[in-house]
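Just dropping this structure here.
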Amino acid sequence: MKKLINDPEDVVSEALAGIALAHPEVTVDADLKLIVRGDAPVSGKVGIVSGGGSGHEPLHGGFVGVGMLDAACAGEMFTSPTPDQMLEATKRVDGGAGVLHIVKNYTGDVLNFEMAADLAKADEIEVEAVVIDDDVAVQDSTFTAGRRGVGATVLAEKICGAAAESGATLTEVADRCRQVNDNARSMGIALTSCTVPAAGKPTFALAEDEMELGIGIHGEPGRERRKLGTAAEVAELLVTPVVDDLDLTSGDRVLAFVNGMGGTPLIELYVVYNEVAKLLSGRGIVIERNLVGSYITSLEMAGCSVTLLKLDDELTTLWDAPVNTSGLRWGV
Amino acid sequence: MKKLINDPEDVVSEALAGIALAHPEVTVDADLKLIVRGDAPVSGKVGIVSGGGSGHEPLHGGFVGVGMLDAACAGEMFTSPTPDQMLEATKRVDGGAGVLHIVKNYTGDVLNFEMAADLAKADEIEVEAVVIDDDVAVQDSTFTAGRRGVGATVLAEKICGAAAESGATLTEVADRCRQVNDNARSMGIALTSCTVPAAGKPTFALAEDEMELGIGIHGEPGRERRKLGTAAEVAELLVTPVVDDLDLTSGDRVLAFVNGMGGTPLIELYVVYNEVAKLLSGRGIVIERNLVGSYITSLEMAGCSVTLLKLDDELTTLWDAPVNTSGLRWGV
Amino acid sequence: MAADPATETVTTDQLVAWFRAFAVEIEAHNEELTALDSAIGDGDHGTNMRRGCRAVLAVLDADAPEDVAGFGRAIAMRLISAVGGASGPLYGSFFLAFGTTGGKVGELTGEQLAAAWRAGLDAVISRGKAQLGDKTMLDAMIPAVEALETGVRQGSITEAFAAAVTAADEGVKATIPLQARKGRASYLGERSIGHQDPGATSTALLFRTAADVLGP
Amino acid sequence: MAADPATETVTTDQLVAWFRAFAVEIEAHNEELTALDSAIGDGDHGTNMRRGCRAVLAVLDADAPEDVAGFGRAIAMRLISAVGGASGPLYGSFFLAFGTTGGKVGELTGEQLAAAWRAGLDAVISRGKAQLGDKTMLDAMIPAVEALETGVRQGSITEAFAAAVTAADEGVKATIPLQARKGRASYLGERSIGHQDPGATSTALLFRTAADVLGP
């Protein structure tokens, strides 16, 4: 295992210490592993809390700040945080207008956030939770755990942050979150596995000429192993199921998000974005906004995901609104 | 070789096509491989041109925009761009106040920029060139090629961009660049080699328990091969020579820049930053500003570099000034 | 342990000893659980459980629970706040319900013990919304609790636990050919077939240690 | 080629044929040059030279140079604008000076040819500020040009190039034990020792093909 770490057990807490030192504009609670907006709670504003296992940086901690999250709860590596973290985060960001929990759809995240919401309600904090489940690699069914939450989480956090900043009510912000989730789908691919520090070896093994299609963000194997393809082939494999699932047709406007999994350099992401743009323009779909970079990662995994979000004027305006976080910043 | 690319020969031009589509605010010249500020030339402002081999993204193309570069020339992978690219970039950004060339100290870059400056002067454009050579891994000597230009390049581009934006003359902006170069030093480490697409295999091989100390940003081997260390040990190996070379003492104020080489995830960079901060505070050196992320990379190499820049009030103000590029953005 | 099934009981101290034994087994099986979870999950079930058990041990060391309810609550609260993931809330819910149903008493008869297990099982079901055959810890827990219930009605706690362990182990093996419908493994679809479920495996350890400590 | 050393000449067409032969050798040695550059540089010398040669061939195919000066300038401009890196300006400077010194003439005598080579060599030195023993292309070029000069003074162009090839090849081998003081390899310090310089290797090809095409 080749990592710039000390003890595998301490990676999360030491990274949080580094974040605290690097970003004095956020408050880091080292014990509870929380990253909270420096000016929280913002009176009258809906608070937004997200969180999940660590190893996906900048998600979520890097998205805490004006125009995005009020607090992020960091779990152990790839492991959901716990209800007491979420409860404390919820309390700290409640400015009286209630708190939205943005939850990625993993059994652990959902169960822990459920418990936290119950506890917060017992404390008379109004809480709404929206579960993000945008990964088309996973078949959707009421009998299963359903689809994973992946790339759409970044977009939902940005857009809900802007809605909350503009004074929307908890119901409105939660509706916005559901709108993003309903109109966004993702698909990912891995060229290499990642290595969870505590495990010390790659979660799965891929031959030199293989790739995993339909991967998540936890080093879990994908749905299918294939011969390594070109960027054009990979883009096709990622874009087609997303477009089909969203029923996108000519004239639709989208936000196209090409996300790196952590070990893939930016230059490759632009090569993929070029292919994605060609494919969409071939179908008459208009890329109105885009995001290219490593925003929701899986440690040092090489690979990428494509997320498309169908836009309307309101979503575009919210996307363009100022955001001031270490991971995403514009307009401020 | 596992990369999200099509033909190795086309990586640079396809990435540029992706950049053109993703960032309409810059003008991309596909033939000459230039990325130019959309509003260039800015009348009366000193133009700033940089460039170098590709494979270091976001450097340089991702730093084109208000408050940083006016144009970037992209070479082939790890290969300096050519004089005709640089000449054309120089012409396009000359707003009448002259043009600064920020050149990383590699024989190829220096020779090609020299030729370009000669050509520009023949066209009666005032050009100054500053060569960045901040890498303490390389021994400095007038009989050798001297030190490489690495992390300080990012800082110089930001600070000179701010100076130019504030109306400084060409001489002033060039002096600022030299000030940054004189007061900044870097040292880097690799955990893995990168693979140049055209070569198809890793430039060097490292055993599972080895690291390369004193690497550059082109997959060139370092000065020394060592047993893989902890983040604390690595930080010590990187910080000590930088601090010594800069003669930093208690009370000095610095900008600390922990840079990822492309394949190292953000969470590890924060672990390293935490160690760097501890080491500096142990010596009484004050981190006044910081930058943590992958800004000057070496394809998918895993590893990091540490750059320290000794700050004064003016440099800090210039660092804080608004910048609006895809790779670095604040205050706008 | 008394030989007469009608009068034999299990004390709070024995329950604590059971959890301690479980924690030892979790340490011993850390790598196995992690390897199983790497194949169809995210490779952390071993470390999750170990982190939780270590946290619980610290609590048990500091404060011996006074009664069964206290035992269940102490373990549940620590598991919930220390584990995260899917297993934290699920095992947490198990122990909370186990304690609540066991009640503020210092010992449980065999039937009371089985009732506590049943309450724990029901809590896991209502928390996780899974059912038998979804390739989860329930595939070990459901048959084992049923065997335990039948066992304590028909014979000694010892025999009941022996039957429960057999049922749990069979349940674990039964997960191998199943396609996961809950938890992370479900994302793999058909590729989850042929692998043993890590949560079921840790649940079997819960029964095996119960048999060792409470059963003899 | 005339047998009398005093009257034998090399035409512009022969020079073009020489560069074409060089381009063929560069294609053939692409992997070797890249491997050498991987060991002590950045692994692109082969592709750099190949890209440059291909670009030059396109120009030569489209427009046959009229004289030696045109030959040198055409190659230089394409190398400079197509290669980049260290080798682009260096080989570019070489051919520019070679052509300028050769002049606007259709053929060169042996001594004129040697003078053109010398001018090219001087241009590489003044561009790159390296000297003999720095482990660069100069370690092949300096001794080879000296051999060429001596050779044309003393005998036929054929013999002169034969001596130059030997000197270049020895110069290449001589780079192996050297510690690099210029170019990327210098960053390696002592670790550059024991490796053959890629630029010297491509320079030796320049002499070998000259011997093959201009020498016989």
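When the chains are written out, they are named A, B, C and D in that same order, and each has its own residue count from 1.
Convention: contacts are C-beta pairs under 8 Å (C-beta built on N, C-alpha and C of every residue); 3 or more make two chains touch, one makes a residue touch a chain.
Just so you know, these numbers come straight off a predicted model, no measurement behind them.
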Neighbouring chains shared between chain A and chain C, ordered by label:
none
For chain A, which other chain has the most distant CA centre?
D
Just curious, how far off is chain D from chain B if you go by their C-alpha centres, in Å?
33
In whole angstrom, what separates the CA-based centres of chain C and chain D?
77
Determine the centre-to-centre distance between chain A and chain B, using the mean Cα coordinates as centres, and give it in whole Å.
29
Calculate how many whole Å lie between the centre of chain A and the centre of chain D, each centre taken as the average of the chain's C-alpha atoms.
55
Touching two or more other chains - residue numbers and ranges from chain A
none
If a residue has to touch 2 or more other chains to count, which residues of chain C qualify?
none
Chains as vertices, touching pairs as edges: which of line, ring, star, complete or other describes this one?
line
Pairs of chains, among all present, that meet the touch criterion
A-B, A-C, B-D
Of all residues in chain B, which touch chain A in the complex?
2-7, 11-12, 14-19, 21-22, 54-55, 57-58, 62, 191-192, 208, 211, 228, 230-232, 234, 262-275, 277, 287, 290, 292, 294, 297, 299-300, 302-304, 329-332
Seen from chain C, its contact residues with chain A in the complex are 34, 38, 40-44, 47-48, 51, 80-90, 127-128, 181-184, 186-189, 191
Where on chain B is chain D touching in the complex?
53, 75-84, 106-108, 111-112, 114-115, 135, 137-139, 143-145, 148, 196, 198-199, 203-204, 216, 218-221, 223
